[in-house]
Each structure stands twice: as structure tokens, then as C-alpha cells.
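Please find one structure pasted underneath; my questions will follow.
Per-chain numbering from 1; labels A, B and C assigned in written order.
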Amino acid sequence: MTDSSALARHIDDVALIDQHVHGCWVAAGDKRRFENALNEGNTEPLADFDSGFDSQLGFALRTHCSPLLGLPKHVDPQRYWERRSQLGEAELARLFLPAAKVSDWLVDTGIGAETTDVPALADLSGNRTHEVVRLEQVAEQAARMSGDYASAFEEILWRRAATAVGTKSILAYRGGFAGDLTEPPASQVAEAASRWRDGGGTRLRDRVLLRFGLHQALRLGKPLQFHVGFGDRDCDLYQANPLLLLDFLRQSADTPIVLLHCYPYEREAGYLAQAFNNVYLDGGLSVNHLGARAPAFIARLLETAPFHKILYSSDGFGPAELHFLGATLWRRGIHRVLAEFVANGDWSENDAVRVVDLIAHGNAARIYRI
Amino acid sequence: MTDSSALARHIDDVALIDQHVHGCWVAAGDKRRFENALNEGNTEPLADFDSGFDSQLGFALRTHCSPLLGLPKHVDPQRYWERRSQLGEAELARLFLPAAKVSDWLVDTGIGAETTDVPALADLSGNRTHEVVRLEQVAEQAARMSGDYASAFEEILWRRAATAVGTKSILAYRGGFAGDLTEPPASQVAEAASRWRDGGGTRLRDRVLLRFGLHQALRLGKPLQFHVGFGDRDCDLYQANPLLLLDFLRQSADTPIVLLHCYPYEREAGYLAQAFNNVYLDGGLSVNHLGARAPAFIARLLETAPFHKILYSSDGFGPAELHFLGATLWRRGIHRVLAEFVANGDWSENDAVRVVDLIAHGNAARIYRI
Amino acid sequence: MTDSSALARHIDDVALIDQHVHGCWVAAGDKRRFENALNEGNTEPLADFDSGFDSQLGFALRTHCSPLLGLPKHVDPQRYWERRSQLGEAELARLFLPAAKVSDWLVDTGIGAETTDVPALADLSGNRTHEVVRLEQVAEQAARMSGDYASAFEEILWRRAATAVGTKSILAYRGGFAGDLTEPPASQVAEAASRWRDGGGTRLRDRVLLRFGLHQALRLGKPLQFHVGFGDRDCDLYQANPLLLLDFLRQSADTPIVLLHCYPYEREAGYLAQAFNNVYLDGGLSVNHLGARAPAFIARLLETAPFHKILYSSDGFGPAELHFLGATLWRRGIHRVLAEFVANGDWSENDAVRVVDLIAHGNAARIYRI
């Protein structure tokens, strides 16, 4: 940003709480792994004609990550890849993670055998880290225990959550939001668990057990994150519209519910954040994939959602570039949007600075108590 | 607006027909009432951490309403509240209503025991007022009558509508738009009315009676307004998508149908306005809640809807600021959008002025015959 | 464009493959025919108060087509019509078609008794033309044959497709995308065909036969186009959301699937283009109807879709102006969007030029093998 205003300087420097992120890769991989990591939606290997770089994310990466590798902006994909390959994943992480100017990473540990665990992310970044416990993983752990499923689930959840800051659900990937999301009776839970265990107890898709897990998480009282909208194609985007959560939200009382990613439903999510005292949203993942178009998306996040309901995250996963790029694109985007509000006389610069602080870290610090 | 073009001056001065509005508060209230009035979606008291002011609407109010109270733009919420409290609601109305430069207010009288009636709004504003009759209120009046429900409904509707300019339906709050919206047979109406009367005859949610009311309104021939999209959370936003009205619109013949608010379905509503000779839309309520983001929304209202199908309203309700702010944000927003069209050479300035007149009052004057 | 950058010059001159278009009118018609052609959604004659010109498309036509007729920009509708009437449709076509700077027109021949056939379009434009075969038309041809329906369909499809570049489905107009789209068993096809033939064999709406046709087209391997989103009101826009195609896309293997028009679902379509190696999208039809608002739409097409998955088309049909206007608005829009990316430092100019080439012709040349 060449803008030297107080707002621009503040946005450049403000410390972020990245409220939803994963680990970085731990071991070197080939070019195809890297290219596939630039595409979120596809679950198959990219087509031959697809370098993975020909996307907003690919262009943004070449623009904003190249300088940290000593390369010119917009460097071509091949040179980027060659330079990246000269460094190990750990070295890349030590370069990109601190450059994100994040104070705290909230790490969803539910996936990623090939990625860093929570302590390693703290070590590589030099920042604080906190765990977010994935409910479907807790369920699979409970399925492997003997004895009563519900008790096992509850025991594991409370034990793991004791040192975690929140929970996460990928219901969007396991049938979506439509349908009954009330708490099932104990007898149904026992039956469903028995059926699931008999079938192997992996990749939970049973609605009764998914609903059971959500209501256990509500009871915990710590923020419950939902994957919403944009993801890989295992997630039926039609069924990942947050408006379908309405009945569930009506039952959610005071437990903070955080709607993640949200594209292309960010306006619907913003509405829910206004309609419920306990509903929050962020635009993680989407911001990275939108690249040069991220400002338009960030602007829509600032429509009907109250400003104390909007959070920052990158949803970085795999290449350490994504942890950095999320922060960089967010800083650029929020600056573009708020500087225009100020220039038009709609907002004061002081108000803009205050909203930046709320989204960057204030709201997350409040709900995650960090 | 510092723009001194003919377009800018025209927009500043053009008289508006506010085609969907409610009364202003009549009696003084506490700070919490005011803050809650800044949130549309929530049906519960705001959370402790929520001042109500930390939203686009709150910021827009501090920016654009403060000068009318002798305060600097962007004044802090506490000072705004204190200054506001020094004046009574009537005095506030006498300040804000005329400043909206509205010639005619079309008042939905279906809610608001605490707000001004139609004559009082005329008196406080110094403008003409007209009534819009809410169908669900007519139903509740008919339920309290003895004898045949259908006849009672029809009698009340025609009597009240004789001095009104149109009708309004809040079907979106009573189960939404999905499902059969054909006219029910008389026998079903009688049965449903009997059941409803036996149950107390309040808060109509019976689909048969709701459908009956809509078709009576069609017969009346005066414009029929629908709440569409964004509202409080009693309205399931998923079921308030105007595309779900398609079959009903196919039955609606020549009676003008006006889709109100429409966020986040304004593009869908605009399409319907192109697809049906008798369908109209406005962006009332949404414009207020979008504040600095209103121009982007107003621009989308100007996509596929023909320009003789777009109307202006504020949907002001409660604080008199909202009646004024709707007009102010609309003037600023339409100016931003149209001035850009003209600057880019896409539209002539004359065309822009003509479209302003159509939306500001021309279209409303035509369909409401005022 | 007054911008003299390399990007602006490149966009002005780049040759387009118009990958979805229809013929131009062949015979003179009255003013009402022309005005109705400016409205896509309405299936009835326009209302008396509606000139057809009071829309983004009407304004864009007066702005960008007038100079080719020797008229000033923004000329009033009556003068435009009078000047247009002095020329025959063939003369208009010879004026507007070459001005679009298209190298190849891919012509959907499924409708339009009143419009030019493929050779005539080649003649009038001086460009290459290629046929796209409409599946529902093949079905109606097969219904008129004697003997086994499935064999007849297959025979006609393969014969016609031998000289065509792809196929097209208007499933959106025949019940929409929701529901089962798997391949039906042969016995069901035979039964359904028999029922349909008995009923006259026109305007196919039978789901079994529609599904059968889609899977035959997949087998052909040439690109299969789908009408998506915005169209006339016979198409239920709610059921034309491309996300409802998810299960079908999962079955579509390598056959390119091209999502046409897409408004207001262009973000959903872009997501599908990222999620499936074989899914493509364009914004034809929509760009014309959005006029001055087309840049915002074109920008959204450039969100999550990889850049080798986006195509150009006009969907021109009837007035030759539409074939030209689609190209003009696309050039203006893509310039506005990409010039801003470059000016902000998000993209290099070289990257922008390369993406223009991909969308303008590169991607279409690859998938249609022309």
C-alpha cells in the first residue's frame, strides 16, 4: 500500500488472530502436489492443461509471495516453483508464517497427517497457537472405544476441549445443513452408534450421530465453528447455505457459532450474524481463492453483519504461502474497502481503525478468551 | 455531494414517493429501545457487548443524521443519544421527516401500536400520506367478526381499500413462499377459518387463509406489496426468495405486485420485474441497513429490472431518523451509481435524470394513481 | 476505450470465438417485434407503458450501436428505430456482424424459424460458422421416426454431430436441474418414448427422455452446453441453479460441460468450473442484458473459475445488434476489470493479456477443436 494514511499504517501493522487455520506441510513434495494445493474445489488430480497457477489464487501467490523468496512480483510459475523447491517446507514456513504478523493461530487439527501439529506451528511461526477440536474426529475416536458411545464421545470431547479454544463441525461435508438438527434421544444415539461401529466406524455420515455431536458442542459453551459454503466438491455447495441452519441457530442459545468461509453465501451469513447474538462469520479460504477479487468479497462481509461479529482467518493448509497470503490479501482488501468509505465521507478514519481492530483480533480475543 | 453536475443537483432536489413506510415513535423511550431499533434481524434484546451502533446503519446514522441535530458528522454514539434524548419524538419527526424531501408517504398500518398513525405522519411531515392495508391484519379483523369468514374478509378489505392505495402481505413471515399459492376453494376457506377462530384467531399462519387473502387482493386490482428477503429472524430468509413466487406471479394477471426490500435476492427480484409486466421491486429497508455499502446494492437493483419497474421506499419504522436516512442514502447511492455510468460514457446525463425521476416518484405515481 | 495501454489495444483487437449464438432475423418486422426482443424474461407482449428501451440493454444499444448506423450515441429510441427501419435485416447483419470482430460463430440451431441458418450467418458475417446441436430437437426428430426411439435418437445425434462442434441442452426449460439425472434403463426409455409419441411427440418434458439425451451427449464426447440461470419465464430460475447439477457432473467424466449465461448464479458456476476438470462457463446473454452493469458481472466470472475454464459468447438472437453488442460490452467490461487489477498491482499486464486470449478464443479453440 502506498497510502500513508493512519488507516493504511494501522492495517499494515495490526496483529491478527487467525481464528481458523491448519498446519503447514512437513515434508518436501513434487510440483503436482503444490499445483493441486492451489485448487480447493477439485478432488481429482488437475487436468493436464491445468497448471493450477491460472487462477486468482495462483496469480496472487506470484504477486505477493514472490518478494519473500527474493523473486520479482508476477514471476512466472516455473521460476516460482524452482525457487520454492530450493527451500525445505520448514524453511518456507519460517519465512512466510512470521510475515503474516499473526499473534495467535487457532488450529483445526481434524485433518492433515502431512502437516505440522500445533506445537510445530508455534515453533515455526514464533507465535502462540491454540487447538480447535473437530467434532467428527471426536466421533471417530469414540467409535473406536468400547462401551457406551455417548459417554465415550462426551468424555473425549470434554478432555480434549479442556485445552482447546473451540470446536469445529464439517457437517457441510457430511450431508449438508438441510433437515432436522435437533438433539436426538439417547436411545437413537445408541442404535446409530451400534450400526456405525458395526460398519467400521469411519467417515461419519450418520445424521443422528452428527446431530448428537453438535448438541454436545453447544453444551461445552466454547465457540463452535461450521464449514459453510465453498470447499471441495465432496461438499454439496447447495446444501451448505447457512440459511439452512436457521432452526439449529434458534436452539443454540449463547454458544458462539462461527460461520467459516461462507462464499458465495457471505450475505446470508452476515444476515444471520445480525439476527442472532451468538452468530459470527469470517471469510477465510475464500479471500485466498479470490485474490484480486477479494476486496469485493470483503466489502460484502461488511454489509449487514454487526462489526463485532466479523472475524479474520486464512484457513491456510499445506503450503505456508497460504497462511501468509490470507493475511496479505485481507490487509489489502480491508484497506481498499475502508479507505473508500472514509474517502466518501461515509465513515470517519477513527471508526475505520476501530473496526479493523475488531476484525483483526478484538472479536476473536473476546469469544475465544485469548 | 460536492458534484455540481445537473444530475447531482437533480438527485438532491427530486421529490420522493416513499412507497413503503411505517409510523414514527410517539413516546419517548430508553436507550436500549433506540439501540434495538438499529438491528432488524434480531428478535431478542441485543447482547451486552452490542451497542447497536456498530453496524453500517449505526455508522450511517452518526454520519448523516448528526448534522440535523447540530452535531458533527461521525459523532460518538453516546453524544448522539444524549442530544437525541433532549428532543421529544415529535420534535425529532418534525426535524427529520421534512428533510427527507418526500411528497407522499405510503404507510403500511399493519403494525406499530407505538408509532404514529397516518394522519399524524402527515401532520409531522407536512406531506401527503396514503394507507397500505395489511392483508394479515384484515384476516385477523375478519376472524373477530361473526358469520362467514370469507364475506367478512372481503367486506373489510374492500371497505378499507376504498381509501387506501394498495395492500401488503407478510407471507414471508408466515411460512414463506414455497408451496401451493393457488386460490383455495370456498369450502376449504370456511373450514380453515373455523379452525383458526376456534384456536383464537391471532397471528395467522394457516396457508389456506393466507392464500385466500392473496387472491382477494389480486381481485382488488390495487398494487399488492410483498415483504421479500431481509427481515427479522421470524422470517426464514431461505423461504423468502422471490423466485418461489413464480407460480403465483403466473396467476397474478394485471394487478401490480411489488417486491419489497429484496436483500439478498435483489437480482432475482429484478429478473422477475423483467419477466412479468406487473412485477415491481424496491430496496427499502436494505438501503438503510447497508449504509456505506448501499451504492453496491442500488447498482444491482439496476441490472435486469426495466427502469419503469423500480420504486423508492425507506421502510422507516420507529426512529424518525430512518425515514430521513433512507432518502439520504438512496440519493447518495443512486448518484454514485449513475454518475459512474455517465462518466464512463455508458449513459447520457439526460437518461440518468429520467431514470431518477422514474424511481423517485414516476413509477409509484403511475401504479398507485397518486 | 481511451486507454492506450497494450492491454487496451489488445482487447480492442482480439478475435473472438462466439461459442454460443443464434441466427439473425431474416425478414423485416414491426417496432413491437424489435422492442420485445430487448426483453428476455417476458413471454408476453410488453405492457403499453414499456417501450422495451428502458433497460440496461436498451440504453447500451442506443449508446454502442447508434454510431454504426451513423447516429449520435444515446440517440432517442424513436430515431434509432426509424434509422434501423431504413435498412433491411440483411444489411443490418452485414453492418453489425463483422464489427463484432468474431472469427468463429458456434450456432445453436435448435430454435429460430425466423432467423438465419448457419451458412447464411457465415455469409453475412464473413466468418467461419459451426453448428451446435440441440438435444431436445434431436429428441423431437427421433419421435417423428418410426421404430426404436433410442436407436433413432442415437443415429440422428451421431449423424448431426459429425459436422457439429458440440451439443446443447435446455433442460432448464423442461423442468429444471433438480432430481435424478442418472442414465435411465433402456426399458424405461422405450416406455417413455412410446407415451410421448402417443401424446404427439412435441415439446419434450419427459424426464426419462431428457436424461437419456444427456447421457447420449456425454458419450459423444463433444462439449455439452447447458442453459443455466437467466432466460425467459418458462424457465423456473429457482430450478436453474447449476449447483443442482452436482450429481450429474460427478457422472460426466471427461466430456466438457459448458454452463451458459449463469446469471445470477455466476459464482456458483465458477465454483463448479474449479471443482471439475471438465466444467466451463460463460456469461453470454447476461452481458447484453446488464449493459452498463456488465463489468461487475464479468468481474464475478473471474472469481473462483480457473482462467482456462471461462469462455466468451454473446447469445445473440434476432436483431444483429445483439451479436455485436455482446462483443462490445465484453471488451469494455473485461478491460475495466483487468485494467483495475493491473493498476492495483495485483496482476501484471502480460498476465492480463494472456487471460484475455484464453477467454476470447483460446479456451474455446481447445475444447471445440477449432
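The criterion applied here is as follows: a contact is a pair of C-beta atoms (placed from the backbone, for glycine too) under 8 Å apart; a residue touches a chain by one contact, two chains touch by 3 or more.
Chain labels with UniProt names: A, B, C = Amidohydrolase.
Quick caveat, the model's predicted, so the values are computed rather than measured.
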What angle, rounded to the nearest 5°, describes the rotation that places the Cα atoms of chain B (Amidohydrolase) on chain C (Amidohydrolase)?
-> 120
Would you kindly state whether over half or under half of the residue numbers at the chain A (Amidohydrolase)/chain C (Amidohydrolase) interface are used by both copies, giving same or different?
-> different
Using CA atom averages as chain centres, what separation in Å is found between chain A (Amidohydrolase) and chain C (Amidohydrolase)?
-> 37
Among the residues of chain B (Amidohydrolase), which ones contact at least 2 other chains?
-> none
Across the complex, what residues on chain A (Amidohydrolase) touch chain B (Amidohydrolase)?
-> 241, 243-244, 246, 250, 267-268, 271-272, 274-278, 299-300, 302-308, 341, 344-348, 350-351, 355, 358, 366
Listed in rising order, the residues of chain B (Amidohydrolase) that touch chain A (Amidohydrolase) in the complex are 39-44, 46-47, 49-50, 54-56, 59-60, 63, 73-74, 230, 232-233, 236-238, 263-264, 289-293, 296, 336
